[in-house]
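Look at the two complexes coming up: chain A is in both, with chain B in one and chain C in the other.
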Partner chain A sequence: MEVLRIRLPNADYISDLLKAVTAVVEEGTFRATQEGLRLTAMDPAHISLVDFELRADAAEEYKVAKETEITVNVEELVKLLRRAKKTDALVISYDDELRRLNVTLSDMRGGKERLFTLNTLEPMGGTMNPPSLTFEAMARLDSDSFYEAIEDSKPIADAVKITIRPDMVVVAAKGETKSAQHRFVSGGPAVHEIDAKSEVSASFSIAYLEKIVKPGKSLSDELEVRLSTNRPIKLSFPITYGRLEYLVAPRMD
Partner chain B sequence: MALTPETLGAATSASEVRGERVVCEVCRNVARFCKLSRCPFYRDLLRELEVERQLSRETVYGPTPPFVLVGERGYPNVYSGPLVSLHPEVSLTEDPRAWLTRSVEELLRARLTLAFFRVRVDVRKAERPGRLEEVREAAASVKPVEVEVRHSGAVTYRPGFGLRAMPHGPSLRMVDAKTVGNPSIPKSVDELIEERVRAEAAVRELSRRGFDVYYITRLLSSGLLGSASRRMVPTEWSITAVDDMLGRDAIRRVRRLPPIDEFRVYRHEALHNRAIVLLTPTVWMFELLEGWLRYPEESPYVDHELHFGRTEYAENTGGAYYAVRLSVARHLERIGRQAGSIVFFEVGRGWIPLGVWRFREITAAALEGRYERFGDLREALDHIAPFLEIPMGRYLSKSALIRHLTRQGSLL
Partner chain C sequence: MGLQRVAIPWTEKYRPRRVSEVVGNGEAVQAFLEWVRSWSSGRPAKKAALLHGPPGTGKTSLVIAFAEENGYDLVQLNASDRRSAEDIKNLLGQAVRAASVFGRRRIVLIDEVDGLSTVADAGGVRAIASLIDRTEVPIVLVANDPWDPSLQELRSRCEMIGFRRLRAKEVLSRLEEICRREGVSVDREVLESIAERSKGDMRAAINDLQLVATSGSDPRRVLESIPNRVIELNAFELLGRIFGAHRFSEGRGTLANTDLDVDTVFTWVLDNLDQQIRDPQALHEAYKVLADADLHLRRATRLQRWELMKYGTILLSAGPGVIKATVAEKGGRFEFPARIRFMQQTKDVRTLADSILTKVTRRLHMSRAKAAVHFLPYLRLMLKAGDRGIARHFRLTEEEIGYLVSRAPELRVQPAEVRESVEERARPQAKARRAGTASGRSTGRSRA
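Our next item is the complex of A and B:
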């Protein structure tokens, strides 16, 4: 029986969102409830976590006949969604007996419909709740500028030290013979807000940050960074109809 | 992301440039520029095997074992043609693992008696190769094929030392080539060629059916694989393209397997090359640390990938990276376990560039041998250190994975 049905005006947005999920996991378990579709998952090395939600009001039509967990290869799903044309409307539905995800792309003008199916997988670890962490400092930054700082640090080192001070955010990389430092000053165009009582810093793997911020920045101009000294960092990309948040464990440098 | 012939062509790694600068132990000259006719070793070889007398005839007759070379200079208009053994008695068997037990001199001897008969071809005309028609078909043969080659012009005694491929001997312009007798092409291979299966899928399928990377590389290189618009692929590029495709395919499966329970150290030495493989009880990740004893004062070459793999070409270690990674991934798949791996590879002073295959085979040989177990990373590294000629500190300062293993925290 069809237990889930989501209709969206086009496939672009959800495909970009799911692409951002694959920064952490290749496959994952979505939980479909009346409120929306949610996925929280950690990568196999337990270094990063993604917390994704698409709220019901993002869709033109959103029906959940009964709460369901659906485990799919998200990368394969994104590949299917990438087949969509700009003019295609998208319907995703799930049949809990056939255990199959149906993706329908309909071209309204051409009166053409394309139907793809994707078999679901056995859940690996089931769903999890995001750990509740408290943070000592927060900054809202321009996501492109932050990404640029990460990219500039790549040839220098394999980790960056991120510092939030009451007056600025610093992204610093230190290699054997080279170093780089990006300062985002409070009140400047790249900083929307800083909330820090004192200086807070921690180091993170550039490879992990890059993987997350690259798709994130194309979904949101703004990035919220939450930090505690030598504790995991939280990166949130505010999106209109849902949630896209990540945690990354620190490096001890 | 797949490596395309174009990205591979542009990408000569730092260590491969180093390989080109290697001073040949035989001729005391820079390998790439050495003149075979002046090389005392080669001069003796030529005399002994009567190479000049053979090449003085208009037609050369001999087995191609069966190698078809596709050059890369001038791409897409490259030199290509058969390598014909002028002296079958010294030729190598088809099993590269057995080559590890030979000496560098023996390998060189076997390779330098292969004459390269070349014609200019446009790689895009893979399906209408003109004079190469019969030779191209012979490339799919699993057994040596006798060929009859007519040639003209002067003989060039410049060895074909490559970055990844094995060298060859004198080269001549080919007029035409005929195969004598039928090439022996397995039915399953013929089907993959006829059904025009996509190149990467065909490569995976051939591997699944037990064909080795050398045979698969030859098929890809000769332009026999692919769906639409088949191309010939320079030998050097196709070696790494196949290592990359099969490596990624194996890694995809390895990442679903349970990790090993302890640190393991494997070792093997052959042909002035030493491999030490450290497997870690973690998720899949991989690093190659390549140290050249000829340049002990310089830092080792390093490339690595974390659990999610890499999309950029391994620009420091080049073809060696993909060759070693394939052997490690295949081993893990065979034992049904996942692991991280750090491979220390030392290239000895006596080594001359005979091809990237030795990275693949020496690593595989190491992993087939016994291993020692350790409870932590420190202990394992302490065990490895005395087996390396370059001080461990040099490797440690360049290793991204050792830093990752010791410093990266976890969310749990």
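Our next item is the complex of A and C:
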């Protein structure tokens, strides 16, 4: 029986969103409810977590006959969605008997329809809820500027120290013979808001931050960073009709 | 109709959830707990532990149960995952240095490291060794046979914790408990027979039980239809069998139960012989038997007359035990052959010497043996005197020149470990090793 049907005006947006999910996991379990489609998953090393949601009102048509869980290889799904042309409308549906995801790309003007199918996977460990964390400081930054700071740190070290102070945000990398420091001053163009009572900082693997911020910055100009001393960092990319949030655990050394 | 869901295997359903549910191997469990707890008071001397022993003895289960019970975050790399050096670095390189998202302590578990030596996992062992050097969290490795030469780098970095086959009684009590919890009744006699034939492999026993209990037909009939398991003995177990065989008929079949090659077994038996048989007369007999075995094995390989192999393997597998039985000695602990260890440690130097000989013989049209004895000493002197022309003539690399200039004529590198054990041993041992070397025996086992 077809238990899920989502119709979107084009495939670009969802495939960019899912591409951002694959920064953390290759495969994952979506929960389809009346409210929308949600996926929360950790990478195999349990260092990062993605919390993704596409709300029902993002779609032209959104029908869930029965709440259901769908485990798919997200990377493969993105590959299929990338085949879409600008003019293609997209329908994603799921059959819980054949346990198969159908992806239909229809070109209205060309009168052409393409159908792809993707077998779902056996769920591994089921779905999870993100940990509830409280944060000591928050900053809203320009996502491109933040990405640049990460990229600048790459030749220096494999970890960056992120500091939020009441007056600025600092991204610093320190190698044996070289170092780099990015300061985003409150009131400057790259900083939209800072909310911190005192200085808070923690270090994170550049590889993880880069994987997450790279696709995220093309989905949202703004990035919300929430931080506590030596606790996981939360990176949120505000998107319309949904949620794209990440947690990354700090380095221990 | 949806696709048929496969019933949960009982091995999974009844996997221990707490350390106290792990059956048997009390000492090993204790050793593991001590090691992992030592992390809470700073870094232990060994940052990794290698749990080794036959399949189905609770190695992996212990780690999973411990993590679950104590709220550790378990990051696991299984044999079914891709495990090239690159994959290991990507996945675990971060895991050993970063905290977990949920803020819990972490254990990294790498299963079946003895399966790493295949081509697809090339460099995997090196990658794990460097993980251990850098790790901030406990790393647990699991292996059936940790004595493979390729795992030397890991052994030296790990707390070695050995697991033994479970006793039939231990297996039996777990089977009975599972029957009770499943609400099925199976004859005690059948359970006993399952426990017996499992040969101390709990996983095998539980699988057999599930098959018998859920098949719906006569349990005895079902049991009869399951072929007897061929158990793979590791080198230590194999030695136990060989030296423990009091009669010819007990010893002759032992080599069928291992995937070690005959050459490796020979080296193991030879190196342990003088510790197992102390009586000089009996030891003399035993060396004679091994010498005969060696002769047959050499002929078989050299002449490609494989039918001769059986004479060698029979002498090797049944000889030492029978002779040992005549003197009724207890015998010491089995040891890792010093010879294999020595060859591993000198591999780099030997490769270098080899490449020099290749270059020299190509130019001089003489055999390697002759070049080594009659020519290399002069080459060495010329190089020492600063003759670079001769080096260019043979196209020697800087490294090779360095070797020739600095090393004494023979390969005289004897690492501390080997020297110690040689001095400890009785004289006949040294003699035997020379004999073994002279026959040009190949070392290690190849697992192509």
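Quick note on the criterion: the second predicted complex is superposed on the first by the 252 of 253 C-alpha atoms of A that agree within 3 Å, B and C clash if a C-alpha of one lies under 4 Å from a C-alpha of the other, contacts with A are read in each partner's own complex, and residues count from 1 in each chain.
Just so we're on the same page, contacts are C-beta pairs under 8 Å (C-beta built on N, C-alpha and C of every residue); 3 or more make two chains touch, one makes a residue touch a chain.
Predicted model only: the values in this text are computed from it and were never measured.
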Superposed partners chain B and chain C on chain A - clash or fit: clash
Chain B versus chain C as contact partner of A:Ser205, first or second or both or neither: both
Which of chain B and chain C A:Glu176 touches, first, second, both or neither: first
Which superposed partner A:Ile47 touches (first chain B, second chain C, both, neither): both
Which superposed partner A:Leu247 touches (first chain B, second chain C, both, neither): both
Chain B versus chain C as contact partner of A:Glu97, first or second or both or neither: second
Clash with chain C, by chain B stretch, listed 279-287, 315-323 or 387-395: 279-287
Residues on chain A lying within both footprints (that of chain B and that of chain C): 42, 44-49, 131, 205, 207-208, 232, 247, 249-253
For the chain A and chain B complex, residues of the former touching the latter: 42-49, 131, 158-159, 176, 205, 207-208, 211, 232, 247, 249-253
Interface residues, chain C side, partner chain A - complex: 1-3, 73, 75, 91-92, 94-95, 97-103, 106, 136-137
Chain B - residues contacting chain A, complex: 255, 282-283, 306-308, 397, 400, 403-404, 407-412
Chain A residues touching chain C - in the complex, by the definition given at the top: 42, 44-49, 96-97, 99, 131, 204-205, 207-208, 230-232, 247-253
